[in-house]
Each structure stands twice: as structure tokens, then as C-alpha cells.
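Two complexes are shown next, each including subunit A; its partner changes from subunit B in the first to subunit C in the second.
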Partner chain A sequence: MAYEPQFYPGNTIIAENRRKHMSGNLEKLREISDEDLTLVLGHRAPGSDYPSTHPPLAEMGEPECSIRELVEPTEGAKAGDRVRYVQFADSMYNAPATPYFRAYYAAIKFRGVDPGTLSGRQVVEARERDMEKLAKESLETEISCPALSGLRGATVHGHSLRLQEDGVMFDMLDRRRLENGTIIMDKDQVGRPLDKKVDLGKPMSEEEAAKRTTIYRVDNVAFRDDDEAVEWVHRVWETRTEYGFQPKVYND
Partner chain B sequence: MTTDRERKFKKQLEIKFTKEFGDNKQEGGSITDKANKYHRLGVDQDPRKREMKEAGQKIAKERGLVGYNPMMHCGGIPLGQRAITPSFVSGTDIMVEPDDLHYVNNAAMQQMWDDIRRTCVVGLDMAHETLEKRLGIEVTPETINHYLEVLNHALPGGAVVQEYMVETHPALVDDCYVKVFTGDDDLADEIDDQFLIDINKEFPEEQAEQLKESIGKTTWQAAHIPTVVSRTTDGGQTSRWIAMQVGMSFISAYNMCAGEAAVADLSYAAKHAAVVSMGDMLPARRARAPNEPGGLTFGHLSDIVQTSRITPEDPANIALEVVGAGCMLYDQIWLGSYMSGGVGFTQYATAAYTNNILDDNLYYDIDYINDKYDGAANTGTDNKIKPTIDVIKDIGTESTIYGLENYEKYPTALEDHFGGSQRATVMSAAAGAATAIATGHGNAGLSAWYLSMYLHKEAHGRLGFFGYDLQDQCGATNVFSYQSDEGAPVELRGPNYPNYAMNVGHQGGYAAITSAAHAGRGDAFALNPLLKICFADDLLPFDFTQPRKEFGRGAIREFSPAGERSLIIPAK
Partner chain C sequence: MVSASNTKNPIQIEIFPKRLLGPERAQKLLLELNQIEGILRAVIQGPRLPLKVPYGPATGENVLHPDRKIVQINDTTFELAILVGRIRMEIRDFEVKERVREVCENLLPFGFEFREGTFIAKRSTVSDYAKRGPDADPNLRGLFDPKASLDEQICFLNRSDNDIENK
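On to the complex of A and B.
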């Protein structure tokens, strides 16, 4: 019988969504063009070549190495792309993703990525074209809601703040806003103005966000109500604690 | 009790988030609202920011070189795109500007650290034995009083045996002095009151007995060098300065020869053999002398804070005062400045001692423990619960889930603790301190701390900054480790404990857990009775019985520090 990864414990919709994010089997909800993606990421001009830090691997005459033979380089590595980043902030008011589940999604589904996880933001670094692949999928699928998730390279605060009156996560730099029922972004990740408004899509309704989110909240699905998830946290804590307590090392 | 706790928590959030402060236009709404109108008023909404802006402009004009200018923030988008709100210092009714809890802006915070760094405890008994046995000089209560009078002249910088000598101006060093304490009640009776820290007077009877039993009939000096000296040099200077003046004072008070070999014996005995520093020297890679914060164990800090002798019946309050002192010293000063040079550490640290959020969580836990475990959170030794995995799991889980749900029910509390690191510290400190109080076991409390971190991470899908991945995911394995390079009783751990060396937002919590275990039992001290007695002294500029109130007084500019230089600088 083929092994089926279980990904995450829990018997609630939140746990189910977490398993979905980790599995990478995500529903596509909107379309972002390559040009728009490049604009909001702000790493290079749309249509320009990828700047590189080294020649293509094929031209480099790499030394003989069994590991190099074993590991197929990513497209970005093959081409010698720079390592660049994409960073998201996700509101604690039922944004679909939470930082750890963005990190797990990136690390499980993509190769050559370096996720960094904090409370208010989650950054993934990778060779530029590899990163763009992840960024595009993140923006287009159920892992993000344009109103509750934000591309933020710097000045990221907002994840824990009350929402704006229009239901959009607060952004100190006002990079994006609700206009005519859709979220537009007219500054890039770090707040540099763009020449055009990029349409990030319609916000999720409150109900939809509550159904798709990966955060436990007492006003949606309380953590204490997911017995299986709590039980597994206890188990991890207990086994780590007992592992450290090893009086037997002195009996041997 | 529950009603009082909730009322205070809500009242402070209401004032902070639904009443106008300065010109921040946030009047109205409820602390449970999930949405808010953002006025984006910038720094001009806030009185302190306005004062700072004006000061920046004045300085630039006077010196011809630009300085503080809030429009340099984010390319012209200043702070204050959301409302700038005041904070209450927990356990008090003092409302403060957030900026005034940065230690640079707060004289009380500076003085707390000054008072610790400039202190050493120095034994007298070995010196007395050397005088009597090696030199044949009789030591009596009268000679001790005379020596103390000489030393109180010499310690601040007065000459005692030289013919011609520069001296320090007494008005610049008036915070420098020495007192003594002893477990020998008969000797204590003979010591001049001005020199004595009277254990029987300063501590509740039961604690006084514990302390006297711990130190026996030994006698110790509590010595504090001038603040201005300590600030100009470093913590390592404290024992050196004390040693020099102690040596000269012995020579003078006991009419000794200044050059004979026997004095070398006395010098070692009096100056070095029984010196207790507040903090240990750090290894070369951190390159700090003794009496710097990195070497100050959690046990020592627990003993320096004096709340345990004032509210022994309220162990939670004792732990909360240690949280305040610890977060300020370890996060704002040690990690924030010594180790990183950062300015923002203040906001990690103040979360644990402002707006009663941690207090509410911990007092909830106290009620929970007393209801479920038959009064185990009351002060005492017979009522403690055995620290089993199940007990730690139960208290740690209940405490953490209460804390999580408070942030979920009160969006304003979540906004106040806008960073996961802040929330993680608060929830873990509550879980850890509560477990320590219930069990009387510091490492059981530490274990609950790590459980709380795990629960928090899984519930919200986020925890703190990158470092939390390191320290809080691996911490559980060292809580009960027997191996000397991994485990240690929490009392002996400190900021330089291997896994804690860069633990921003944690160390005040660990110190609180340490004190909570002993406060829960009604112990007179956590680690070192000498430090507990040394700081039971109201002549110190900083009041160690209530650090949080002192920080509040510093913030509203009512605290008078020591070591000021106005005597020797032009009047402005």
C-alpha cells in the first residue's frame, strides 16, 4: 500500500485546511498575470531578464561531485538567478494562511526554498524564478485572501491589528486597498509606488474566510475544541521532555 | 476575585483604546470590536511625540546638524498611522506614554540597574578572624561600629590614611554607603542602627527566621559604590572599588601598618575571600565583567526584588513584580543594548508589565488552581501539588488557552500585544509562574512555559520571531536534563545559560517562574539569602519592593535618581 502523508492531526475544519495547505493541493481562485506579479514583487522591471549571480551551471564546469549528480538543480539555480524573497503578512482575523502553514507549504511543495517564519510575516527566499512560481501560486490560490493577506517586504504590522472599517487588514504603508469591490495594489512589497494599479482579486466574504482559515479562534473553531490537535501537542511536549530527562545515562 | 480581575483588565483596555488620548481621536467603540477607523494622524496626535519633534527641531537649529525628524520614517510616512495610545503600568493606576518606558527616557529604570550593578556583599568574619588570630587585634561591636563609620567616609571616595589626597565631592556620591547585617541577634543589637539592616524588622517573622538560619551567625556588609562611578566604568569596578576602600578603612580603623606582610593576609580575607557579586563574569565571547546583567542569575534577580517580604500572601504579585524587573533589565538593557544595540526591545518587554494583561492571566490561573487543587496556589508548603507531567500539562494548558482566548475575545488586547513574541512571553510566563506557584517547583514551571509555547504555536499557527523556533522548540528537552551542559535548576540559570543567550522576551519570564516557585512556598529567598537581605534597605534610591510602580514614576518623571552631575556642570 502506498504511503499517504497525513501531514497534521486534528478533527476540525481548521485541521483539514492545514492538511490542505501542507499537501499543496490548493484551489485556484483568481488569476495574476506575470507582469503584475513582477510589479508587486518589485525585484525587477516586468519583461526584463533575470539578473544572475553566476553563469548558467552548464557553462561553469562544475567539479565532479556525487551530490551534484544526485540533486537536479532548480530552474533558477541552473540559470544562476539571484536569491530573492516574497513575504506575506496574514491577518489573525481568519486570513486563510498562518505563517507556519505558509512555511510548511513552501518547504513541502517547492525545492530550493528557504522559509523564515515569524508571528506577523512569513518570508520565503529562493532563486528568483523559483520564488516567483511560489509567489504566483500563493496569490492565486485559496492560501491567500487579497483583503486579509498582504505582500509586505517591510513595515509589515497588521496581522494582529483590528481590521479597517472596510474589512481590509491595516497596512501602515497603504500599499493596497478596496476599490469597487476588488483589492488593488499600487505600491510594491516595500512600498515603492507603481505606475499602475494591480488587481489582486475580490476579498473573501467573512463566511468564506472562516471556512478556509488555518487559525483556531474562539469565535470560529476554538483550539480547545480540537481534541486531537491538543492531544498531539501534549504528546510532542511530553516526549521531548522525557527524552531530555535521562537519568539512565548515569546508570550505564 | 474573578470579577475584580476582569473589571481591572477591561477598565484599562477601555481607557487605552476607547478614550481619546492627546489628539488621537479614538473616542468610542468597544474593546471587543474587530474593526476600527484608522485616522492616520501621524506623530502630532501624541503629546510626547510632539515634544520630541519640537526638541529635534530645536537641536537641529542650535547645532546646525539635523537630528530627530519623524518625517524620516518610511520615506515621509511617520509613526502614528494607527492611534498612539498610552499604557498603564500593571499593578498600578499610572498611565504612561509608551516612549517613557524606554530606559533612556526613564530614570527609575536606569537606577534599578545602577543599584544592582554598584552592589556587592562582602563578608566580615574572615577579616575579623585574621585581625584577631594573625594580628592579635581585638574586634568588638564598638570597633565594628568605628570601622563602619570610617568606611562610610572612605567608600564614596574620602581619604583615610594619606597626608594629601584628592577626594570625591560628597554631594556627587551621596548614594554610596555600606551597611551590615548578621544572623547573630546579639551582635545586631550592638550595631549602631544607622549601619544595620535589621532582618527582624525588615522581614515577616517566619522569613526572618529562615534567613537567620540560612546565614547563621555570620556578618556581612552590603556595599554600594557611587552610581556615577559605576556608570563611568563597569560592573567589574564594583568589587575593586569596594576592595580598595575596605582595605584602607581596616588599616585606618584598626591602626594597622600599611606595609607589613600580615596586611596582605587581611587584604585577601577582607577584600576578596568573601565577596558576592550580583552577576558572574561572562566568558570571553561575551566579554563582560562580574556585576553585568548577563551574569545575573534568575535566582539572584528573584532575591534582589523585595516584594516577597511585603506581600508574602500574594505569590502572583511577587512573580509579577519580578517579571517587570526582569523584562526591563534582561530585555531592555541586557539584550536590547549590551547584546544588540536595538531600540525596539522596549516593546517586547513592556508587554509583560503593562495593561494588566499578564496579571489577568496569572490571577485567573490562581483561581483555577485553588478551585481544582484545593488551595495549592495559596502561600504554603503543605498545600503544594506534586509536580507530575499531568499536573504541569493541566495547568499549562488551561492557562495558555485562557490567554489565547483573551486575545481572540478582545481584539484590543491583541492589538496591544501586536507581536507574537509579546503574546508568547505573556502566556508562557502566566503558565510557568502559575505552575511554579502550585507545585513550589521552578523547573516544573519552566516545563509549563515550553508547553505553553507549543500550544500557542499550534493554535495560532505562529509564535514569535525566528529565534522562537530555536529556543522554544528545543527548550523542553533541557528542563529536566541531568547533564550538566544541558540542565540546571532554574534558580541557577541566567541570561548566559546556553539556550537562553539570545532569548529576547523570555528572561523576565524565567525569573518570574523562579520567584513564583519560592513565593508559592512562602520561602524567604529563592537562591541567595545574602542578596535578599542586602536589598531589604529603603535607603537605596530604587524601591525594590515595587519595581513596576517605580518604572511608572520614572515614566511620569516623578522619580529622583542618584549620580546626577548638576553640581559640576553649568546651570541651564
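On to the complex of A and C.
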């Protein structure tokens, strides 16, 4: 029987959401066009070619190498794209993702990505077209809520602040805001103004956010209510402390 | 009611709304609080709304944040350069505290925390003395960032003409 990864222990909705994020088996909730995505990322003009740092691999005449033969290059690497980044900040008030789960999602589902995980933000560097693929999926699926998650290349302040009156995560640079029931973005991820307003979709209601979040909170689902997750965290700590993560010693 | 605030000395309280207040609600709240007799000093605090992008590739671009607005409290106008996250005040007595709580209950439907404690410095430190000199106004102590200019950060409300002449 083929092995199926289990990803994360737990019986609660939070554990279930963590498994979804880690497996990349996510529900698509909204649509972002390629042009809009390019605009908000701000790395190149929409419709322009991908700038490259080296010729396509096929034209380069690579040296004979068993690893190169074994590993299929990503589309971006094949074309010689530049390495570019996308960065998200997620509110601690029941945002769907947290930096750690964005990192798991990127590292498990995508190849050739370099996730950088910090307390309140998560950056992924990759070849430009590979990065865009990840960014598009992140914005369109349940891993993001336009109000509680923010595409923020610089000035990420907001993840640990209380929400604004309208339920949107604070953004000092006013890149995005609630207008007529949807979140619009009229600046790119670092705060440069755009010529058009990009519709990021409807924000999740408080109830929906509480159901889709990967954050254990005492005012939603507390970590201690998830017996299976607690048991496994205890077990990992115990085996690490007593056996230094050596399964052989533990099993003996 | 027996409480630590049953004292003849001024007491300090903090209002901590569960949401960051937009300029309209903040102005409404400040106006209502201003009607209450017995508030001696107050500080409003919250995340800053800068005029220009402070760092990153877009440094120097105008932000034009819609929540950065001029608010008017009686005859005094000032630019609210923050989203109001908490209000700390020094008040005369326990009765004033209850009236402040009533105003908050009416104007903050999403809830708030309301506590008594020490939030504004009561005594000068050596640093205060070094920065402001021996003639510093004790009423301004703990109300502003010592590195910023006074005009940007302090507003005098409900002052009599005599007070202003004496300054």
C-alpha cells in the first residue's frame, strides 16, 4: 500500500486546517488575474517578458552531471528567470495561515523555493515564474483571507495588532482597504501606487475565519482541547530529550 | 464601594478598545470624554500613520492614509497621526472613572478593557531633569516623547485665559 503522509496530528478543526495547508489540498475561494497578480507583486510590468539572469538551460550546454540528470529543473530555472520574492503577513486574529504553515505549504508543495519564516511574516524566494505560481495560489485559496492576510514586501507591521473597526488587519501604508464589501489593493506589495484598483475578493466573516484558521486560540479552539496534538507534542519532546531523536534507541 | 481608587489623590485609568479606532469614532469618543469634568491629563496612543513610506524600495512615496485626519475637539484642532489604540488618563476621582466607563460603553460596541493603574509617570527622573531642565511643567511629565517637539504632541483643552497668560 502506498504511503500517505499524515502531516499533522489532532482531532480539531484547527488540526484539520493545518493538514490542509501542509498537504496543499486547498479550496479555491477567489480569482486573481495574472495581470493583477503581476501588478501587486511589483517586480515587472504586466505583459512584459520575464527578465533573465542567464540563458535558458537548454542553450547553455550544461556539464555532464548525474544530479542534473536526476533533478528536473523548474520552469523558472529552465528559462533562466531572476529570483524574486513574495511576502505575506497574517493577523494573529484568526488569519487562515501562520508563517510556519505558509512555509510548510511552500516547501512541501513547490520545488525550487526558499521559504523564510519569521514571527509575523513569511517570505518565499524563487525563480520569478515559480514564485508567481505560488503567490497566485496563495492569494486565491483558503490559505489567505484578503482582510486578515496581507501581501507586504516591506513594512509588515500589523500581524500582532488589534484589527481595525472594519475587521481588516492594520496596514500603515494603506496598500489595501475595504471598499463596498471587498478588499481592494491600489499599491504594490512595497507601497508604490498602482494605476488601477485590484480586487482581492471578499473578506471572510468572523465565523468563517474561526473555522478556517490554523491558529489555536483560547477564544476559539484552544491547543489544550486537542488531546491528540498535545499527546504528540509531548511525545516529540520526550523522544528528543531522552533519545536525541534516534528512533533506534527509542525502539530498543 | 471599596476600591483602590477611593482616594483623594488623582487616579489613572486606561481604556483599551478591542478594535483600533478610526478617526470618526475616536473624535466622537474624545468629544464625549471632553464633556466630563475632572479629567486632568490624557494620552492617546496607537500605531503611527506616516506621511511617507519610511523604508523599503518605495521609500519617500506619499502614503495618503485615509485615516490620517484633522479632528476638532471644541476649539482645538489637531492632526490625528495614529489609529487610536488606547487612551490613558489621569482623573480626579472614582466618580469620574464611572462616567468615563459609561461613555465607553455607549461608544465602543465591540468591547473594551478598562483598568486602573499607573500609566503616566508621576515623578521626574534624572533623565527628565536632564532633558527638560529644572523649570519643566510637571503637568506635561510622561505625556510626550522627549525627542519630539511639544507643539506636535500636546494639545491644551478647556484651559482658562488666565492659565494661558500664566504660561
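Following the convention adopted for this analysis, the second predicted complex is superposed on the first by the 242 of 252 C-alpha atoms of A that agree within 3 Å, B and C clash if a C-alpha of one lies under 4 Å from a C-alpha of the other, contacts with A are read in each partner's own complex, and residues count from 1 in each chain.
The definition used in the following text is that a residue touches a chain if its C-beta (ideal position, glycine included) is under 8 Å from a C-beta of that chain, and two chains touch if they have at least 3 such contacts.
These numbers come from a predicted model, not from an experiment.
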Superposed partners subunit B and subunit C on subunit A - clash or fit: clash
Which of subunit B and subunit C A:R177 touches, first, second, both or neither: second
Touched partner set for A:D219, first subunit B, second subunit C, both or neither: first
Contacts of A:R240 with subunit B and subunit C, given as first, second, both or neither: first
Which superposed partner A:A209 touches (first subunit B, second subunit C, both, neither): neither
Touching partner for A:T98 - first (subunit B), second (subunit C), both, neither: first
When both partners are placed on the shared chain, which of subunit B and subunit C touches more of subunit A: B
Touching partner for A:P193 - first (subunit B), second (subunit C), both, neither: second
Touched partner set for A:E165, first subunit B, second subunit C, both or neither: both
First, second, both or neither for A:G153, with subunit B first and subunit C second: second
Steric overlap of subunit B with subunit C in the superposed model, located at which of 73-81, 181-189, 271-279 or 361-369: 73-81
Those residues of subunit A which subunit B touches in one complex and subunit C touches in the other: 155, 157, 161-165, 167, 170, 172-174, 191
In the complex with subunit B, residue positions of subunit A that touch it: 18, 92-93, 97-101, 116-120, 155, 157, 159-165, 167, 170, 172-174, 191, 214-219, 222-224, 229-230, 233-234, 236-238, 240-247, 249-250
Sites on subunit A touched by subunit C in the complex: 153-155, 157-158, 161-167, 170, 172-174, 177, 187-188, 190-193
Sites on subunit C touched by subunit A in the complex: 17-22, 25, 47-50, 53-58, 61, 63-67, 83, 85, 110
Touch list for subunit B against partner subunit A, complex: 33-38, 74-75, 77, 81-82, 389, 393, 397, 401, 404-405, 408-409, 411-412, 414-415, 417-421, 423-424, 447, 450-451, 454-455, 457-466, 469, 474, 476-483, 486-487
